Amino acid sequence: MHDITVNFFKEDDYSCDILIEGLPGVGQVGKLVAEHIIEELDAEKIAEIHSIFFPPQVLIDDLGITRLPNNEIYRYKGENLKIMFLVGDFQSSSPEGHYLLTDTYLNIAEKLGVKKIYTLGGYGVGHLIEDIRVLAAVNDEKLKEEVESAGAVFTNGEPGGGIIGTSGLLLGMGKNRDIDGICLMGETSGYLVDPKSSNCVLKVLSNLIGVEVDATKLKERADEMEHFVEKVKASEKASSEEELNYIG
Amino acid sequence: MHDITVNFFKEDDYSCDILIEGLPGVGQVGKLVAEHIIEELDAEKIAEIHSIFFPPQVLIDDLGITRLPNNEIYRYKGENLKIMFLVGDFQSSSPEGHYLLTDTYLNIAEKLGVKKIYTLGGYGVGHLIEDIRVLAAVNDEKLKEEVESAGAVFTNGEPGGGIIGTSGLLLGMGKNRDIDGICLMGETSGYLVDPKSSNCVLKVLSNLIGVEVDATKLKERADEMEHFVEKVKASEKASSEEELNYIG
Amino acid sequence: MHDITVNFFKEDDYSCDILIEGLPGVGQVGKLVAEHIIEELDAEKIAEIHSIFFPPQVLIDDLGITRLPNNEIYRYKGENLKIMFLVGDFQSSSPEGHYLLTDTYLNIAEKLGVKKIYTLGGYGVGHLIEDIRVLAAVNDEKLKEEVESAGAVFTNGEPGGGIIGTSGLLLGMGKNRDIDGICLMGETSGYLVDPKSSNCVLKVLSNLIGVEVDATKLKERADEMEHFVEKVKASEKASSEEELNYIG
Amino acid sequence: MHDITVNFFKEDDYSCDILIEGLPGVGQVGKLVAEHIIEELDAEKIAEIHSIFFPPQVLIDDLGITRLPNNEIYRYKGENLKIMFLVGDFQSSSPEGHYLLTDTYLNIAEKLGVKKIYTLGGYGVGHLIEDIRVLAAVNDEKLKEEVESAGAVFTNGEPGGGIIGTSGLLLGMGKNRDIDGICLMGETSGYLVDPKSSNCVLKVLSNLIGVEVDATKLKERADEMEHFVEKVKASEKASSEEELNYIG
């Protein structure tokens, strides 16, 4: 048994121009964006990755059918752009596994001809947030201008602790292979799944790659979450007023 | 020294039709079932598995004799059905070890000709429970009907976190080897060893494999545990009434 | 660099009849016994073991000189008995390392011709204790009689959790190599280094191996520790009486 | 992918006489000293070390450019002394990695001809401290005299727990390669980055290696930190007096 197994469903010319990564993370921001684009563009699943570095369990779908946790490669072949997507259930459960898995992702990306990587994630700020900024980091200074033009911001020293996990390593280890890398991080509370933040990241990403993606479904999910948060806030306000009545 | 060592006691034709797994887990539900069947059917121990992925210790029996923790393979040869059993002291102490051990179990199962795997466990609900359901998950949709006919239920999204450990991985990794897999999980509080839940799992399993197993001993253990719980409840009630007397 | 390195200081015929192990553990009971015998019998250090499984640090002696943590092999050549000793600074810092290190110890023991292993440790009971029993476990039933004759006891199911670490694994893994194994565990509080418990273990061990070892130094250390404990008790009694005076 | 990758920027004769190590640690004392000397002597960066044993992330600079965490080798070629420096972002995230990384550092040092190693660190005392001592440990007794002459002290049994991490292992594992090793540890509270302690270590080190290093910048940082601490103390005193006023 290999530590990491990559299984392409068929042999084919799967050349790609760019890689978009959206694995699970803070607020599931990156995951929501990548999975939304895959659905809207009707991208094709071309490979699965299994590994002893994922948690030792199976997942169960609504029908009661089990499957191993995995990471998946999708591919979209547009007229002007061919995209490789990396999404999945988990990131590595060990520090060393993060490095070894990312090395495998980059082997695949290189094989498919990827020249540029976009990694997507959330940036937890610890409180609910109105005006969501999309923070950016790049692995080469030449990339800054296009990223800023697309609507993301570079802030001095944020995130202070760096970018943890695959989103970070793809840029760092991609640099050693001369692959350009851009990380987009939507601000988010960090407490909830955040489709609103995802929508902001999607806008910047669309600008960057020049592909229009219908955001309706993501906006609907964002509205639902907004209503949910409003209801929770209202109910909290009600209880605290009630408490005041007791006191008064 | 190998990370995992499998030691068959003798060379023989140990062909088996199915594998029943009952390693330690929530409420020891699966372990009790598998060990009960092994005892009732007088199955033969045919192999032992040692591994650096088990906790680094020895166990001591009532006579003061030590032995390494292990997993054990038993075999029952009935007229119509030959069963391989997987039981033991521990599951892996590391995430990676879970994958590597399960890979070894499947190597053995394939070698013996196993076509179907039944993994047994408990599903902790966090409170004492009267009407115990047996939840099921399968690694192929075609298996659902027989499982439901046998008395288990598929509930939408339970267990939500998936199935952790060997019981899960045998289904997930078995799928990749075209081995059918059924997991049966008896509801249990999660606080106590639960022979009553085991008895419910045993019934469903007996229906599925078409083998009658005398459940008397398991029922006796369940009754003992029931009495123990009743006594604890009564004593708790007594103390709380006493407290009320003090107050009153 | 190897994960484990064994360095014999010179080539020689280091044949040994038995192995006595006293690595660090509960109350340092085993360590004190083994190191005491080494000193009294003036055993010779014949090898050092280094490993990446020991904690990543150096130790500093009273002069300020550093050295890597290690395990050490000593040898005593008596007229009737040749003894291999295993002592050292640490046990493994990972579960897997425990297995791999013990495998190495057994390779050495086998090479030197060891036929019997005595592992020494403490059994933490959680409170100060007057009449110290020496509990025993063996890896073969035939060894029980001599162990009981020598003054140790087998108690039904103690220690309940088995024997953790090298003291346990040497018996379990030694069994697979047909090496007899006896573990002696002196009862101890578990809070303090316990030379008194070590002295009890020493007596039983001396009976077993038929070697007289002057226990004076160990008794002196036990007396010192006894006085220390008495002083702490007295001071605690004084403070609690004082408190009563304040209240009274 | 290798567990550890060493990348020299060009092939050259990089022979060195000594190695100065200042990786992150208590109070960043060693890191500040080594980086200060590198800057003052205008040492040249000659190699980078990447490893799966470093935390799985990238770091972001002030411009928003990412880079993998690494350890770096610098070199200074003076008239009488050629120095190899080891500095970097992190130490290993696993115990085993510490050993394997240090083995790699020593391979490089040996290749460059290093005969003596100076490792620099802080010694946390748990409280703010006025008169900072520089404690020392050496891997060979013959080194004590020069270290004491240079102003460091050997104290009986400090640090009691030994020297954790690369600073310790370079001495312990260097000894096995016949490389002399001296560890200098500046006393520090352990709560703050401590350039004042670094300055004390720098003085001792300068005496030892016979190289004058302008300490102005380090002193300025120490003064800033001193003012910061004074302000915090004053503000604490003010608040506690205010509290007294309330009470009074």
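When the chains are written out, they are named A, B, C and D in that same order, and each has its own residue count from 1.
The rule is simple: a contact is a pair of C-beta atoms (placed from the backbone, for glycine too) under 8 Å apart; a residue touches a chain by one contact, two chains touch by 3 or more.
The chain lineup, named per UniProt: A, B, C, D = Proteasome assembly chaperone family protein.
What you see is a predicted model; the values in this text were computed from it and never measured.
S.K.: Would you kindly state whether over half or under half of the residue numbers at the chain C/chain D interface are used by both copies, giving same or different?
M.R.: different
S.K.: With centres defined as the mean C-alpha position, give me the chain A-chain B separation in Å.
M.R.: Centres of chain A and chain B (C-alpha means) sit 38 Å apart.
S.K.: Cα centroid separation between chain B and chain D, in whole Å?
M.R.: That pair's centroid distance is 53 Å.
S.K.: Could you list which residues of chain D touch at least two other chains?
M.R.: Within chain D, no residue contacts more than one other chain.
S.K.: So that we know how the chains sit together, what is the shape of their touch graph: line, ring, star, complete or other?
M.R.: Drawn as a graph, the chains make one closed cycle, so a ring.
S.K.: According to the definition of touch, which chains form touching pairs?
M.R.: A-B, A-D, B-C, C-D
S.K.: Across the complex, what residues on chain D touch chain A?
M.R.: Listed in rising order, the residues are 1, 3, 50, 52-53, 55-60, 62-69, 93-94.
S.K.: Residue numbers of chain C touching chain B in their complex, please.
M.R.: Residue list for chain C touching chain B: 92, 95-96, 98-100, 102-103, 136-141, 144, 154-159, 161-165, 168-169, 171-173, 175-176, 181, 183.
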